[in-house]
Every structure is written in C-alpha cells, then in structure tokens.
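Common to both upcoming complexes is chain A, partnered first by chain B, then by chain C.
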Partner chain A sequence: MKKLLAFIFAVSLASVAWADATLINGAGATFPYPIYSKWFDEYAKMNPGMTFNYQSIGSGGGIKQITAKTVDFGASDGPMTQDQLNEAPGRIYHIPTVMGAVVVAYNLQGVKTGLKLTGDILADIFLGKITKWNDARIVAENPGVNLPDQSIVVIHRSDGSGTTYIFVDYLSSVSPAWKGKVGKGTSVNWPVGLGGKGNEGVAGLEKQTPGAIGYVELAYAKQNDLTYAHMKNSSGNYIEPKIESVTKAAEGVSIAPDFRVSIVNSSNPEAYPISSFTWLLIYKEMDDHAKGEAIVNFIKWAITDGQKYTEALDYAPLPANVVSMIQEKLKAVKY
Partner chain B sequence: MQTMDFDKAFQRTKAKRYFMDQAIVYVLFLCAFVLLFILFSILTHLVINGVSSINVNFFIHLPKPVGEVGGGMANAITGTLTLLFLAVLFGVPIGLAAGIYLNEYADYRFAQVVRFTIDVMNGIPSIVFGIFAYVICVLPMKTFSVLSGGFALGIMMIPMVTRTTEQFVRMVPNQLREAGLALGAPKWRVIVDIVLPSSIGGIMTGIMVALARVAGETAPLLFTAFGNRFWNHNLMQPIAALPLQIFSYAISPFEDWHRQAWAGAIVLIVVIFSINLLANYFMNRRHRFLNGQ
Partner chain C sequence: MRKDTSDLVFKYFLAVFPCLILLLVAGILYQLVSSSGLSIHKFGFKFLSNRTWDPVAEDFGALPFIFGTCVTSFLALLMAIPIGVGSAIYLAEYAPAKVSKVISIFVDLLAAIPSVIYGLWGIFVLVPLMRTHVQPFLGKYLGFLPFFQGPNYGVGFLSASIILAIIIVPFIISISREVILAIPSVYKESSYALGATRWETIQLIILSHAQAGIFGAIILALGRAIGETMAVTMIIGNNPSITSSLFSPGYTLASVVANEFSEATSKTYLSALIEMGLVLFVVSIVVNALARLLIWSVTTRESVTV
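Now for the complex of A and B:
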C-alpha cells in the first residue's frame, strides 16, 4: 500500500514537472477552422515546440472565452459589439486573417449550381413570404430554368454563429423589411425554417432535404458537393462566389482602423455580395510574455507567407493594404 | 359436488393458464434477447465501419489538419488514460473514505442524509458536472486543463465509489470485527487489517465500474479538458480525449474523419471493456476469498 502511494505520488509529480515549451490555446469560429488548422500545423512544423491548439466552438463561444480569458486568443466572423468590448477585462484587437464567402446553397432536383437570386428575393424567402420554388419572382430572374412546383424548406443555424452574422448582415443591408423585423446578430429570431448545428449541421440538412435552401461557408459547400446560387450584387451583376469575387468585395471599402468593417453588399461591380473578413481576437496587453510574443509572430507569418495556403481551401487572401495596416497595428501590442 | 366443480373449472382453464404461463416466459426471454441483440448490433456496426481504419498509424500519429486524409488519435488515447488516472486520484480516496465512514462510524440519521445525497448526485446529468468544473476550476485558473477534466470525472466517480464501498464493507461479517476487537486491536486497526482486506475485491469492482462509466463521458470534458490537436504533458493545459475527438470527427463533413471516429469508438469500447473485465476478475477473487480458498 505504501509503495503504491509513493508510486502514485511520484508519477503525479513527474507529470507536473514535465511541462511543454509553449502551448497556445484558442477557440472560436468554425468558418475559418479549415485554414486555421492548416496554418497551425504548418507553423508547428517550422517552429517545433510552438503549438497552437484551436477548438472550433463557434464565434459566440470564441468571444465568450476570450472575455473570460480562459483562452489565449479568440476567433470570430462577426465583429464584437461595443457592449461586448466594454465587458472584456482589457482592450481587444480584431485582426483580420482571411476573407471568405457565405454561399446560398439549395437542394433542387435538376437545377445545377448557378441559380440566380437577388438579395430581395433571398430576404423574402427567409422571411417566409416566398414559399414556392416556382414563385414568379424567382422565375423572372431565371429564364430557361425549369423550376419545380415545390415548397421551399428554409434551413438556418441553430447556434451562435459568425456565418449567420455575415448572412443576416447582408440581408439587413439589402432588405429594409428584414432589417426592421429581424435585424442582425450572431443568432437572430428566425421567422421560418429548421436549425442545424454548425456549418457541418446545415450542410448535412441541406443534403437530406429536397427543396431546401440554406447558407454555408464556401469550402463546406464545395466539400459536400452542394449546389449554390449566383447572387446579384449592388451593381446588378450576377456573381459566382469564388476567391476572385470575394477579393473584389474588399476593394474600394475604406478599412476602419479597428478593422471592424463589413464588406457585405460591396459597391465594387465584380464583388460577391455576401463576403466577409474573419478575425482573430487578441488582447492589446498580453499577460504572458512568451505567449504574447508567439501569437504576434504567428500573426505576422499568417498574414504574409501563410496566405499562400488560402486558395486551396477556398478562402481569399487579405488585400495588401490591410496586411500593412495589421503590421502597423501589431507594433502596439504589448507583451 | 364442490370438488367436482373445482375439478371441472381446473380442467377448463388449464390450457389457457398453461398458454399464459408459456407466453409470459417467452416475452421475458425476448426482452433478455433484445438486450443481447442491442449490444451485438452496436459491436457489429462499430467493427464494420471502423475496423478498416484501425492501423498502426491510428495509434502513433497526431490528427491531421481539417479535411486532410490520414493521421491518428495517439494523443487522444493517452489523453483519455491520463484523465482517467486523475479521476481515480480525485474520486477514489474520497469515495472510499466516505463509504467506510458511513458503515463503520456514522450515526443512522447522518448516513441516511448522505445516502440520499448520493442518489441525487447519481442522477445529476454529466454536463452539469462539466459546468461545475468549468466554474470552479477553469474560470479561476484562467485556463482549460487536464486537471479540471480529471476533477470533473473524479467528482462523478465519488457517489458511485462511496455506495459500493459502503455495501461491500457492510457484507463483512460482524464476527470478524468482534474477533479483532477481542484480541485487543483498536477499531482503526480492525478496519485496516480485517474489514478492508476482506472487502477489497468488491470495492475494486465498484471502482472499476465507476471508472468504466466515466471513461466514455463527453459532456463533462467539453469545457474542461477542452481538446487539443497536439501532445500535452502539462496538467495545466488542455488535453485531447477520445470521446471529444469522436464527437468532433463525427459531426464533421469529411469522410476520412467519419471513418476515424468509428475507429476511435472501437478503441474506446475496448478500453471500457477491459476495465469491465478487470472488475469481473476482482469480483471472482472476492468470492474465492469469502469461500475460504
């Protein structure tokens, strides 16, 4: 018995003492999870002993955990509101990392990718005003497409989500009715529809439900072979969601110094209208010197060399002017 | 006359009663069979879907980045073992001591209160233990950690260990205690040298069953152990665990991750199964001990 106790004691002591070099923990958005995990993997290969552990618990969760300081950095696709920023125990910086598109995916027998939709129609579908796929307004946008007489099944996110924020931010900017009735946020009061958990859950529901319409991040739509719409932008052009059209969305938008900027419904004629930045959330004053230095070095790498991994995963790289703005901003971070 | 009537009635209803008897026994058998069938179909399903993904890589490699094929769950397997080890450290001493106290020292009223508390604790959903550990470990320490995960699992074990310890200690015959006391041994010595050795098999079984139950828990780990894509040897940092890894792989949209989730499930079942076998072994030893062999 004594020997056993001594052994247990020795083992627990040893495991406490055997600490790793640096482990940095982060949590948040599911939208950029594919690119983040790629980055952290590549970065760990180049910098052994420097590991970034990222858990994709959703943007809402990311904001919550960075505010509670249980993680070293957060991640979100919806910028924190002024109230949320005031609640945090320190000054939080939003650092854009990549841009991405939220696509409107549908499940319609015989209709391929490229159904043409406008923001107005989309808002009315999600408001429950348009209920049939062969509604006159959808038909008018799509001459020559054989639209079935089928009910539309609306699918949205059930959890607090940055993808939702981007989507309803867009609907609010194109439809006064949506803005007045529902508004924007990481979770809203949906007038109609079914809920799925995470981008994964929505993609799954879409696949199983004939007549479904929903919104997911571009990479999730591609990996699941979902069909998705071309959206009419503010200049009246129908735009396919892809890297180039997302990049265009940031052109001509003046970037606020705190980076909390919305690029939905961009005025650029070639822009895909439901595009957004996604942000890392870090404290301006880091508690831990080693971790702070590691995070800043990682960001410096991610916004420059790291951007080459974006394309394969269907994200758009940051515009050059934003990169230099971030580099300037990082100088203010204290650790 | 009366016996004749009775006899007739007996004959008349005999077939019916015989049929009822057979039917009910048959229904009972079916229920028992359903039980076997459920376990069997779960295992077959697991093996069909997961066995092809179990290979050496699965046991020695770290997970790959999202959507990339390959990699393994080495860190999650060791993570689960580490968490279980900590759970035993937290849960067993308290459960054991409380169980002994309840049977050997506590007055009736107090014991009743504690037993009721144990029943209530057993009914608390595991996610609540997770939230509890989050609030009292993670928030003040400002970090998700192995320690908080082990703590959450450990406090889940306490009521189970207490209950079984108490029951097995009670089964030790009073004559044994009296014999010890008659020889002049103080009470504590009787407990340590007579009561515990005679009930240790049963107590070990209780510990193993409790351990097997918490081994598969996901909910208490979500906001404590948190998950980790890399190795971690530091108790104050997040760690991977099999149930967590299975959960996040199963809801992902990637084929390869689905296969690995099945493989992870098999490994987890094997771990739990081995713990159960160990429990069985201790139980058998106890029987032999009590039979004087």
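Now for the complex of A and C:
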C-alpha cells in the first residue's frame, strides 16, 4: 500500500512537471505540414519544455478551429475572407511563413519539361475551349516543338485543397472568362476534366493518361519526375518553377500590411506566376501570456533562422522585405 | 419453468444493447438533419433535382451524386452476385473440403483488405488495363449500345463498379458458403435418394433453403457498395455528371463528402455537404428497403412452389 501511494505521488509530481512545459496546439493546412513539423522539431530541441501539437486537418479546419479558439494558432493556404474575420471573437493576424508554387504538369510523349504556356491558354484549356495539343495558340508559343494531334485530358484535384486555391486564383487573375464562369475557392465547379484525389491521385492519372494536363505542388512534381511547363509571367518572360523564381514573386512587389494578399501573377519580372504564401493565423491579443510569448518567439525564429530548412523540403523562403514587415507586425501582438 | 429474478435482470440488461443501436441511428439522423438545416432551408427539395455543384457560387444539388452512387452500386451487384453465389456453391458443394478451406481463407483475407489498397491497385493496374484493353474492346464490339460510347479515360463508372464488385464479392462468397454449409445434410441425402441429380439438388434443395441467407449477404454487400468511399473516389474520376456512358467519369455521395469536407469553409457549403450525408443515409435506407421488399416477394413465391 505504501509503495502504491509513493507511486501515485511520484506520478502526480511528474504530471505537474509536465504541466509546466508549454504545449502549443495548432491545426490547419496540409501543404506546409512537412516544413512545420521540421520547425517544431528543431525549435523544441533548442527550447526544451516547448511542445507543439499540429494537426494537418486542412485550411478550412484551421480557420474553423482558430475562430472557435480551440487551438492556439491556425494555418491556412488561402487568406480568410472578410466575413470569416468578422465572425472571429478577436482580431486575427495573417503571418506568412513560407512560399509554395503550383506547377502545370503534362504527359506528352516526346515533349520534355519546359513546354511554354501562357495564363490565357491555360485558362482556356481548363475551360474546355482548347481541346487539342496542336491548337494554333499552343503551337504559336512553342515554335520547333512537335506537338501531337491529341486530345487534351484535363486533370484536377477532387479534394478541397490549398493547391487548387492557388491554381484557380491564378486563372481568375489572368482570365476574365475563368473569373466570371468558375471563380476561385478550395473546390470549384470544374467545367471539364477528371478529378484525382490528392497530389498522388492527380500525378497517378497524369502519368498514365496520354495527353493529360494537371497541376501539382512544386515539391511533388520534382520528387516524382513529372514534366512541367514554363509559365509566361506578367512581364512576358517564360519562367521555370523553382525555389528562386517563387521567392521572387513576393520580392519588390507591394504587399498589403495585413498580408492577406495574393501574389499570383506577380509584377516582378523574374517571378514564377503561380506562387503563393501560406499563413499562420494568430490572435492579435492572446489570452494566455506564456503561450502568446512562445508563439511570437517561435514565429520570429521561423521567419529568420528557420527559413534555412525550407529549400531541402522544396519550399521557397520568404524574401527579406516580407520578413522585416512581419517582424514589424509581430510587435503589435499583445500577450 | 422456474422463475428467477436473475433471469429477468439479464433479460432487461440484454435489451439495453439493441436499444442503444436504435438510439445511435436516431442520434445520427437528428444530427444530420439539424446540421444541414441551413442548406435544407435554402435549397429545399430542389437540392435533390439540381445538377449543379458549385462551391464558389454556393449553388448545390445532389442529383449527379445520387445517380453515381446508385449506378455504381447496381453495376457492382450485377457483377458480384453471379461470381459470389457461384463461388459459394462450388466451395460448399463441389470442391474437396481441403481446397474449400484454403480458398475460404483467401476469401476472408480479401474481405479484410482496406479499401484504399484496392483504390491504389485500381489506379495503377485496373485503370491502365481498362483504358488500353477492356474499354476499347467494349467500344468496338458493343459500341452500338449507349453504355459503351464516348471518350475512354480508363477512370469512370465502369472501373469504379468493377472495383466495388471486387470489394463486395468476398462478403457474398463467405456468407453464402456458410449458409449453404449449414443446410442439414439429411435434405440433400433425401434428394439424392429420390433420384435427383446434383444440379436438381442444388436448384431445389440448396438454393431454396439458403436463399434467405444469400439475399442477406447480398444486402450486406449492397450496403458496403453504397457507402464505399475511398476506393471509388480514386477510380471514378470525380466529375458530377449524368450520362448513359459507363466510360465517362462520375461522382458519388460518399466521395464528395470525403473529398470536400476538410476544406469547406463557408456555412452554406458545410451544411450542403452534411445534407449530402443525409441524402446518402436516406438513399441507403430506401435501397435497402427496396431490396428487402424484392426478396420477400421472391422468397414467398419460391416457398409456395417448392
């Protein structure tokens, strides 16, 4: 009996010690999950006593949970709408953490990576207006490339996804027809095409279907050796999607102070046009002093020292102008 | 019979469990109806006849999804019943006991494979096969039928139905075999003694005795087919369309909920997705009831003639 009491005593002591550690709960986007877990891991190594619990349940879930205050921070691939911000019980800040890109991948025998496409052509393909690979408009952009007389099979994501949001956000910004007929969202009413579930579903259909065109995250396209297009940006340059050209999308362009900004079709002449931020969502006024302080310190680290982990995971780091804007913004956070 | 309080206590204690099941069903129904209130209020019965599913414009309709769920489940049953019941009869009546046992182990193994594995197999094996061989063949020889026309992507209603059939066949085989084995051998022996052939014995004795059990197996399989989500969504092409062509991509109720729920942000959108769950709930109840009615009418007629 004495032994048992001693044991219970020891366990309760241990749990008190546990309670001392700061546990930060977060939930949201799946797209940045690999880099976030890397950050949480590295940061916890440097700061014993800090534990992160991040559930990648999707951007929608992240927005819902931060609004309901069931988590300490949310994460989203698309900015919250004004309606959603009004619903929240306090002021929510959007903090960009890394950048990502969506690439246009295709399966055309004999055509290597680097087919040149414009936003207009891409929108018309996804609207079902261009149906053949040897359409005069595609041929005009690609002199010397032998384009087959083959039907285009459009492939899109069937699950709601931040990747889709970035892609249709781009199509909406370059094509008035797309904006009017389809619009942007994490899921849309696709005019044509097959839906694949997840990046792996799109890539699977893509690899097997001759004449397929679809979109996947940059990291996914690289790791799976998909062939992908170079996109014409707003300055008329054809840009290969890679880490440097993605970072350029936010460099030297004017960024709204609340960061709820779309950087697709960036005005930077070296930018890859289908690029985007992904955001952490935090309250401007945090209820819990210890947690608030911990989150702000973590973000400060993530946007500076933490950025060195991005490239190995195929994310693009934030440009310096954005980092200094965030640092300024974090000063306003109260805890 | 001796009366005892412990008997009574045990009886009422046991009665709690089936009541829990009823409560569970009622609870699910209540939750579905109350959470989809916004969408029910906004779209009314038009929800069932509307063909559009547009999360951006927030215009939602379930018709193509109901169509997809019914078509794939029906086709899957059409393929699975002959294979399933045929295998069960062979395993129970013809195969040597050892062979029957070994095959049964494999059948049970098939039933335990998670559907996402079937889905992956579908993407990498079935879909290319369908695109390069099966569908061109069907289009060439049966292309005069509206079912086998149109562009051939590999994914679509037909491939999804085949995957579903593969998923539900083990259920039909396993249960039907058990039911057939449970028929007292005295019946079969009497039949043979009267000079019946094996075929006549199967037809008159085995099938008529086992039919209730076999139909039970089919209903269970149907329920599985209606609700199957992951494998179907990986194969069906996820495009809400209503067409006569089995080659064309489609969508099902369960798939759209699984696909879009996690990223649904607006209230109407969420509510519409939950109403899809409600529709799926109602569709499974209606289809089940229809299947049961059909079976009752068949079984009573059979028992009169036998």
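The rule is simple: the second predicted complex is superposed on the first by the 307 of 335 C-alpha atoms of A that agree within 3 Å, B and C clash if a C-alpha of one lies under 4 Å from a C-alpha of the other, contacts with A are read in each partner's own complex, and residues count from 1 in each chain.
One rule holds in what follows: a residue touches a chain if its C-beta (ideal position, glycine included) is under 8 Å from a C-beta of that chain, and two chains touch if they have at least 3 such contacts.
Computed from a predicted model, the values in this text were never measured in an experiment.
Contacts of A:Val153 after superposition: chain C is touched, whereas chain B is not reached. By the touch criterion defined above, A:Gln223 lies against chain B but remains apart from chain C after alignment on the C-alpha atoms of chain A.
Shared-chain residue A:Lys300: touches no atom of chain B or chain C. Using the contact criterion defined above for the overlaid structures, shared-chain residue A:Gln55 touches chain B, although it does not reach chain C. Once the two complexes are laid over each other on the shared chain, residue contacts for A:Ala68 go to chain B alone; chain C is not touched. In the superposed model, A:Gly204 lies in contact with both chain B and chain C. In the superposition on chain A, the residues of chain A contacting both chain B and chain C are 197, 201, 204. Within the complex, the chain B residues that touch chain A are 64-68, 82, 85, 89, 138-139, 142-144, 226-235, 237-238, 248, 251-254.
Residue ranges of chain A in contact with chain B, taken from their complex: 8, 11-12, 15-16, 18-20, 23, 25, 27, 33-34, 37-38, 40-41, 44, 51, 53-56, 68-71, 197-201, 203-204, 220, 223-224, 313.
Chain C meets chain A in the complex at residues 52-57, 123-124, 127-128, 131, 151, 153-155, 233-234, 237-239, 249, 251, 255, 258-266.
Within the complex, the chain A residues that touch chain C are 57-61, 63-64, 81, 83-84, 151, 153, 158-162, 182-190, 193-197, 201, 204-205, 208-209.
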